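So that you can tell them apart, the chains are marked A, B and C in the order they are listed, and the count of residues begins at 1 in each.
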């Protein structure tokens, strides 16, 4: 059973004192662990961290992102993934190793303004992110309504093991594709369902840090009482303790947002 | 030299499709009708050190205008007129696509079009702002700082200038012993009319009033028309690479007049409340 | 500069009604510029200043990017209507110098190594100036940087102190700046207890200097409380303090 204590902090505030391990969005200064962001602290015997409530998207390898095709050179498409770096999708990823600019028409496959869901295959400190759409469920998104939310709220929107987003999808008969970069596409045959789903998403975005959010969303969507799970009494924000490639990436122990898959226990 | 350039904003094809479908059914993506303008909010006297000022919100587009008054030489050929100088700057805080630096051709066009609308309407009776004919006149500066861009800077900036001038208190200068002296008193500005700018854009074959930033990224042509309180057209400017037919222009002019009346009433109401 | 007239009356009241250790009213509103990644509007006495942050974002032109950290760009700019006498729209040497010292006041707080090959742009727009605008600008910019979610070691809070009528006073206004004996703006990281901006205009002996610096830092700490409450207000609304 983990013991977690939460506090609201701004940069420079003390998160915890003592021998705790600094995890993400914190650093050690003498005997104190200090926050580098506005957010909610979480400290337990495993360490201390801050879950940030603001920040633009900073890429990470293996993130699923939704991007917009801007242009293409003879070898790759350049893609806006709503971050400070331009992403690239190599032509070979789409056409295969035998790709030839003379024969394969890049513009026909993906043209300026198209939306794709992709995975960041490669990203490190020295170059722009390289994307791939090879995996299942990746590729061009032909229809749907596109909205943007703060990337820091994406974990809450997905929920524990996908529970929040699945609740919204089932109740509104929509399919919702979420990028870690805060871009979301909602598609569905029923226009009202799509609108309702979008309202629910915006509420989650604004109230991500509050308690009983799941219950309120279910009320909004008219989900029957019997389906309300025990996670309703959970604290507001599910967080994973295992941090991914982030640590090797940063020279300090600070990082962007936590990962999505949540721990089960409290 | 003016050079054609790529738009910094690429609208997603999904959104363009949504926009087309929506507009052909008479509604825009922000739920407005094609002829519907966004809500206007105005706060006057926000900059106490200026003789007049206004903070205007047209939807999410925001502009602050300030009036400063000095004395100086009249413009050449206008010896019996006060001088009116209107400037505009799109501040780098206003949008991710602005690079700080000297004003580009879009910003210069914006300032000149807004200036033309106000000047040609003769909103300020400049003949009343002369101290020594041919030598010393009032110089009225109206400087506009655009602080958030969400489309239709022409109309928003024009409303800010109109609100700032309508609500300002001009200093009273005198000549004493060959020197210009600020008497410390103030006077009402000599306002004769309320010019109203109305901008229409063309997307495909549809005409829309008061475009937001996404609609501007999809537009082919733009027409800004300023009318005075009598309903006469005092200034016009067509922009962008597209074109209008003669009928379209006549239709747009008619709407600029009728819509202009509504907006004029709204501006006057908001400015009076602020005062 | 030697003072010519008295700016504090016999009762110890200054030209704007304050006593010598009193700060002007400060109000901060977070997130006022819709398009920016982070922003704040500060009203510090009659100063009215907007700070907005875009970042981390792409560097243009690309060759200006640094391989191991982010580039910081900072612009302090005054609108023509912001001062008693209208200011020409062209950038002045004063604005250039202030842009530099502000950047150098904020940079130490930013963890730039977290954002290699990117840029963090800070824009400070003065809509109305009344003495101490660079301190107010720094204060608003730090709030805007936190609002933008940039990793920071600490907040940066700024306040000026000075000498008026041979007394050390806190938070110099425009009149005191122009006619007083000394003006010392200071920016301070409150938790790390480090000074990141320090300037002086005027003459102070050793005792006066120490007292002036202490007063300025006391002002910075008061300003920090206002930065904190404005951020808490925006992000946590009425729910303040601990949550279990």
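One rule holds for everything that comes next: a contact is a pair of C-beta atoms (placed from the backbone, for glycine too) under 8 Å apart; a residue touches a chain by one contact, two chains touch by 3 or more.
Just so we're clear, the structure is a prediction, and the values are computed from it rather than from any experiment.
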| item | value |
| --- | --- |
| Those chains which touch chain C and also touch chain A | B |
| Chain pair with the higher count of C-beta pairs in contact (A-B, B-C) | B-C |
| Greatest separation from chain A - chain, by CA centre | B |
| Chain closest to the middle [Cα centroid of all protein chains] | C |
| Distance between the centres, which are taken as Cα means, of chain C and chain B, whole angstrom | 32 |
| Distance from the mean Cα position of chain B to that of chain A, given in whole angstrom | 41 |
| Touching two or more other chains - residue numbers and ranges from chain C | 57 |
| Chain A to chain C touching residues, read off their complex | 5-8, 10-14, 25, 27, 29, 34, 36-38, 40, 52-56, 58, 84-86, 125-126, 152, 209-211, 235, 250-252, 254 |
| Residue numbers on chain C that touch chain B, as the complex places them | 33-36, 39, 46, 48, 50, 52, 54, 57, 60, 75, 77, 79-86, 89, 121, 123, 125, 127-130 |
| Residue ranges of chain C touching chain A (in the complex, touch as defined) | 37-38, 55-58, 67-68, 109, 111, 113-119, 146-155, 189-192, 227-228, 231-232, 235-236, 239-244 |
| Interfacial residue positions of chain B with respect to chain C in the complex | 46-50, 53, 60, 62, 64-68, 70, 87, 89, 91-96, 99-100, 141, 143, 145, 147-150 |
| Interfacial residue positions of chain B with respect to chain A in the complex | 10-18 |
